Amino acid sequence: MDLERAQRTGIGEVIFGEGKTAEQVSAIMRELYERQGFALATRISQDKAEAVLPELPDTGSHKPARVLHLGTKTERLPGDVAVVAAGTSDLPVAEEARVVLEALGQPTTLITDVGVAGLHRLQARLEEIRAARVVIVVAGMEGALPSVIAGLVERPIIAVPTSVGYGASFDGLAALLGMLNSCGSGVTVVNIDNGFGAAFAAVQINRLAILQD
Amino acid sequence: MDLERAQRTGIGEVIFGEGKTAEQVSAIMRELYERQGFALATRISQDKAEAVLPELPDTGSHKPARVLHLGTKTERLPGDVAVVAAGTSDLPVAEEARVVLEALGQPTTLITDVGVAGLHRLQARLEEIRAARVVIVVAGMEGALPSVIAGLVERPIIAVPTSVGYGASFDGLAALLGMLNSCGSGVTVVNIDNGFGAAFAAVQINRLAILQD
Amino acid sequence: MDLERAQRTGIGEVIFGEGKTAEQVSAIMRELYERQGFALATRISQDKAEAVLPELPDTGSHKPARVLHLGTKTERLPGDVAVVAAGTSDLPVAEEARVVLEALGQPTTLITDVGVAGLHRLQARLEEIRAARVVIVVAGMEGALPSVIAGLVERPIIAVPTSVGYGASFDGLAALLGMLNSCGSGVTVVNIDNGFGAAFAAVQINRLAILQD
Amino acid sequence: MDLERAQRTGIGEVIFGEGKTAEQVSAIMRELYERQGFALATRISQDKAEAVLPELPDTGSHKPARVLHLGTKTERLPGDVAVVAAGTSDLPVAEEARVVLEALGQPTTLITDVGVAGLHRLQARLEEIRAARVVIVVAGMEGALPSVIAGLVERPIIAVPTSVGYGASFDGLAALLGMLNSCGSGVTVVNIDNGFGAAFAAVQINRLAILQD
Amino acid sequence: MDLERAQRTGIGEVIFGEGKTAEQVSAIMRELYERQGFALATRISQDKAEAVLPELPDTGSHKPARVLHLGTKTERLPGDVAVVAAGTSDLPVAEEARVVLEALGQPTTLITDVGVAGLHRLQARLEEIRAARVVIVVAGMEGALPSVIAGLVERPIIAVPTSVGYGASFDGLAALLGMLNSCGSGVTVVNIDNGFGAAFAAVQINRLAILQD
Amino acid sequence: MDLERAQRTGIGEVIFGEGKTAEQVSAIMRELYERQGFALATRISQDKAEAVLPELPDTGSHKPARVLHLGTKTERLPGDVAVVAAGTSDLPVAEEARVVLEALGQPTTLITDVGVAGLHRLQARLEEIRAARVVIVVAGMEGALPSVIAGLVERPIIAVPTSVGYGASFDGLAALLGMLNSCGSGVTVVNIDNGFGAAFAAVQINRLAILQD
Amino acid sequence: MDLERAQRTGIGEVIFGEGKTAEQVSAIMRELYERQGFALATRISQDKAEAVLPELPDTGSHKPARVLHLGTKTERLPGDVAVVAAGTSDLPVAEEARVVLEALGQPTTLITDVGVAGLHRLQARLEEIRAARVVIVVAGMEGALPSVIAGLVERPIIAVPTSVGYGASFDGLAALLGMLNSCGSGVTVVNIDNGFGAAFAAVQINRLAILQD
Amino acid sequence: MDLERAQRTGIGEVIFGEGKTAEQVSAIMRELYERQGFALATRISQDKAEAVLPELPDTGSHKPARVLHLGTKTERLPGDVAVVAAGTSDLPVAEEARVVLEALGQPTTLITDVGVAGLHRLQARLEEIRAARVVIVVAGMEGALPSVIAGLVERPIIAVPTSVGYGASFDGLAALLGMLNSCGSGVTVVNIDNGFGAAFAAVQINRLAILQD
């Protein structure tokens, strides 16, 4: 069994679907489900999903997020994680984060269309964002949204640059560099389009509350 | 005479000081002053300024801006240009823009310390910015300020990325890419640390009002 | 409603079509048309346009420009904006600028095939360019045309690098860097292939004349 | 007052010393101390520190970390943050993180010389790392340490690439890319050499425990 | 005859299939087989292989490795070369190395799924790796595996970065830079996805043992 | 003797001074002078030149060009090579080309201050440029001059990008890419700041005329 | 008419086919043929060629070179230009150079499969190369062939990097940088895959001989 | 004790001097000498060496190589390693390799001034190179020497790119990319200027002969 993006720690293992055949994905999902009570696979293309689903009938498939899941982690995490997406085009990455969070037992709020060129829209959703324990901010183009949110919200912020844009966005490089140079204190960053990674990090943060008990 | 950054059009010529000796700068300033009634030199290091000043006693020297000027263009431009700097470290570039604007006959308002991680400070200065005809926005690090201002102000915005930052700012590349990918409509961009270029472009825009008369 | 590239200011909002479905584009166009009397969508692929048009029968479709528009902004802007394209391959980007300008009420002159390796062609069109209030210069490969025009024309110049070229053009990077380093004073630059952004900035500049009245 | 890297939220504001004069740093520290009971300044060069210290006699100066602090935040945070540095050359950045953490009320454990080419040294310190609530991992060269620790420890991991290395390290780019591509789930990354940012993020995470009460 | 990647020395020549037609590959394979008793071609796409095979019926085709071979080099090399792949997605490159090694007379052990985020899996295979004379390590993403193995095994290590990953992996650049900056002494590196090159280098090293006799 | 940049062909050998001590330069110059009747050394810093000159009293030193020469090649080449520099800051590189050309027996015309933002200056010198057999064009910033000259002059054009500029010039990269993407047919390019290389290539071209006799 | 890559000088104009429709190519070829007695179009894809040929029955089509030509320039140029290609994969670019040279009246010798890893093959063809007046060297991967030939041949050398390679060749960047940094004196370089540009430059050089008469 | 570049395997540990104080270097050298009978430190600046030498009187200092050593490894390795440097400027890196090899018990031959633009010099030394068991090739600029040697010598070749060059060498990037794309089979590469790493790898290869006994 090969679980590249998996975690051999408390949360359980997750399948990174890219570069694996549908057969491999099916087999590993079944095994993981038996072992840990749930199975989650990310980066599953539409074609691959269609090949996997007849094999594992109870599997849920999240199309824009490209995620498959079978069962859900029974661990329930406290509070809420806000997944904030700057624009519509950032939604597939935000959805990947949201689906992974919920499969791992974390209640989630998805907030979209709050890019920095329309601050009034952001302001209208600010209370929802402030109510979260952890905030995942997904943005392409110049990637400025995490800086703005960091100045308004006193919670851990995980920034996800997306490959949305063209020309000098260089497939997400502009957003990535923008987020790494954020003037907002305490912003941390994951790889371009890595909604999964942000979700996993948020779960690790929120599990600290359970560990304390 | 060599006037690399000069304009052979309506505004007059300006000296780009880098790579020129103090003697060359003095001689060209004197000639330009005689020809067009004012002389302006940018990118003049502290040492070079000290060598030029005794030669041209009436010359004004702007230290952080690294600009020398002798006389002022008599043309008076309408309204106001706002030069908005995200942080203290961006001031030398903002000052270059401001000094050039004023030497070219353009009234100017300098607004500083309004970075995107502290939107309340920006909000407090918003009326001043909205009162300007053209807005020059100077920012380093992630370069997000022009996007935010573009969503709040309906005036032409010229963005100047600065080399302020470290690590993955790559000497201003992050801010440059951020500004080029701005989700705010109508933002245009000049070279990294090019306060002069932004000022010159703003003057070209504002001179359209005079030409109409 | 999601209007990533939109402006919440004086000009009205414009739809950035990339990453949106035909259904989303149709719906937002209809809503915008009702709200502001015109609707404009950029980056609409041929396929998407064909799916939208039956839904909105009065919509105009500009094929090389990849723009859809429904109605036109009634505001009439003064004078003329010249859209100057270096070569035939730069035309789709120049057309995007031209169609957006006209939909926003700005009379426009399109001038093509005046690349710097044939200065006589440029010279033959110079009076037309000088007659404009603002000049948008669209060029790929080495992106030298804005520098040359900046030395001949005393008007604001907005440079649009295009991804035209091959090899060491690196998808428009060479033209972008060339324009940012322009020795012509006052040239400002937008993202690679961003004809829309240049048009929007030109409209913002020309609206200053209306505001004065 | 200019507080670029500051936070206008729960933790208090911190001074980013680069590009500020010693006088500016002294003045802002005094003001911050009065306002929030402690003052912290990062990126203070040896020279600047020597100019500030006579002005503010009770200020502590941390030489390798380039941090000044006056007073300490009285808020006490739970548990422990481990700051893990791969090698001796990474120590200044790790020290910046440690000093900031302690000034913000967070108990800290510093663990050094546990680079991935000597796993037995890492293994010898593993229990200490596992005992922490949050782990900050500081590494230059190939930046592989966060991936290895992510596989061994079920806590949030914040990775700090350093500019340690030469040649194809490209001033920390290799370590930065390595960490962003980490195969260890849930690793988040801050800017090259940004020990402050990692510490601030760790404090934001640990404050969640206080907020729950 | 054109044998770009060939060696005109002791081992014999090998065909680099990219940019050659199926006819050219068939012809060169036949000629090489007659001259040196074996023929080996790398980078043969699925389509090209299907066109070559009917022409040369005894040819073996290795699908994931994209290698064709006709006959085997009769020279038998001592000991064993370990080909270690971090994850499933790295297998095609590892397979290219393995098939080339075996065709050149080198016994080989293939070890997979031992990425650095799961050190226990690596530990379980450590004795096999230590038993090899030369170790080829194939890894994408952050490319950290060679550093870790270099600290555990006292044998020559040849690192092969792969283009496995996304976003800031920049098609293998992250893994390449990571391996070049390895803190493990004595790691040498070949081009991204160049399993052939690593195999050839390993054979050159192992042939030193034969030359001594 | 070590003559890295030398030519073992018809023109004679030339010393590349960088990374050599003054003693090494003196010794090689003496030996070359004896062997081929002249000696030429490039990239000689001011300090190194001052250490070499007392050793070789008849040596000529060209300060901005950083070239030393002892004797001159007696071969006389036909016609004229024009060395055209866009601005004053490009002069050291243009001077390197000029001094090398003349030492190798090639008559030369130096033309400066004809950057593309002032086409009238270029036009005033056009006849001189057209009179040359080969044209070397030296330019920094956006590097557009070779394209313009290629459209006006039907002679071989060798473009030399310089590191003149700042910000997004990236030490000459912008000019280099601009020249490589030149829309002017037949422009060839040498390394950034490589006046020597352009001169050597021009001599190779002009020597074809002698070889014909 | 739009002739981007054309020359408005002595040689005549040439059509750059990329970004033009088959209709445009046909029309311009016909017009050029009438005006200058021959017409040449480069970068014509297979599909476009098939659409053009029925329109212009006497047109010759060179498949790997992607060149169309109608008639030939009657000017006969002296001597010979050698087009030297390192490997089979570099042939399309070398063929583009060869076809353009011959259409422009320049006798040509094509020499292939002489990469630097097989110096004996290069040595076998050295007399042919030395017999040429100008040498065009076409190579991908590390682009080392021009350096080696520059040390063996005293003729102008024009280097053409190709996009042949994979991984860290970065689409020809490695070969381009290698050629720009050539330790062989007098090597000049054109854009990646630009066989046309090298041919045009060679013709400009060889026409100097005609001009002398 | 901190030994970043050290090896915890058969050869012993080596000190990477950069980022360590003279006191730290002295202390670790003393401890290593006691433990393993020899001590070796690389990347020791002139100043640091002068501070260390009085502390450890028997230490040998190799100035261009920037290496200190105390005692020598008693293990004697078979045969010879050739260290081949393209030019004089590459000597410091070649010397680092040579000094490390000899301190580790490996007889060495240093061959210099055999760059690819002078193949006759390389040919004159070919027998010496062929007599070695392993060949380390050190080259800057275009980095072509390993490809040429790989075609002439059937031994393992370890390529070391150096930062020798200027302009488009980008501090060794050109040489590094050239070597990674080498058309010579079996060339492996280490980091820019990493003479130590190449030497260490060569020792690991040659120790295989001892292990067999």
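A, B, C, D, E, F, G and H label the chains in the order they appear, each numbered from 1.
Note that in this section contacts are C-beta pairs under 8 Å (C-beta built on N, C-alpha and C of every residue); 3 or more make two chains touch, one makes a residue touch a chain.
Fair warning: this is a prediction, and the values are worked out from it, not measured in the lab.
With contact taken as defined at the outset, subunit E and subunit F are each touched by G, H. Seen as a C-alpha superposition, subunit D sits on subunit H after a turn of 90°, to the nearest 5.
Centroids built from CA atoms put subunit E at 50 Å from subunit C. Distance from the subunit B centre to the subunit D centre is 36 Å, each centre being the mean of its Cα atoms.
In whole angstrom, the spacing between the mean C-alpha positions of subunit D and subunit G is 56.
The distance from the centre of subunit E to the centre of subunit H, each centre being the mean of the chain's C-alpha atoms, comes to 26 Å. Shown for subunit H are the residues that touch two or more other chains, namely 4, 6-8, 86-87, 115, 117-118, 150-152, 167-169, 173, 176, 180-181, 183-185, 191-192. Inter-chain contacts, as defined above, occur between A-B, A-C, A-D, A-E, B-C, B-D, B-F, C-F, C-G, D-E, D-H, E-G, E-H, F-G, F-H, G-H. The residues of subunit B lying in touch with subunit A in their complex are 86-87, 115-119, 141-144, 147-148, 150-152, 165, 167-170, 173-175, 177-185. Those residues of subunit C that touch subunit A in the shared complex are 1-4, 6-8, 18-20, 24, 161, 163, 171-173, 176, 191-194. If you check the complex, the residues on subunit C that touch subunit B are 4-11, 14, 78, 133-134, 150-158, 176, 180-181, 183-192, 196-198, 200-201, 203-209, 211-212. Touching subunit E in their complex are the following residues of subunit G: 86-89, 112-113, 115, 117-118, 120, 141, 164, 166-169.
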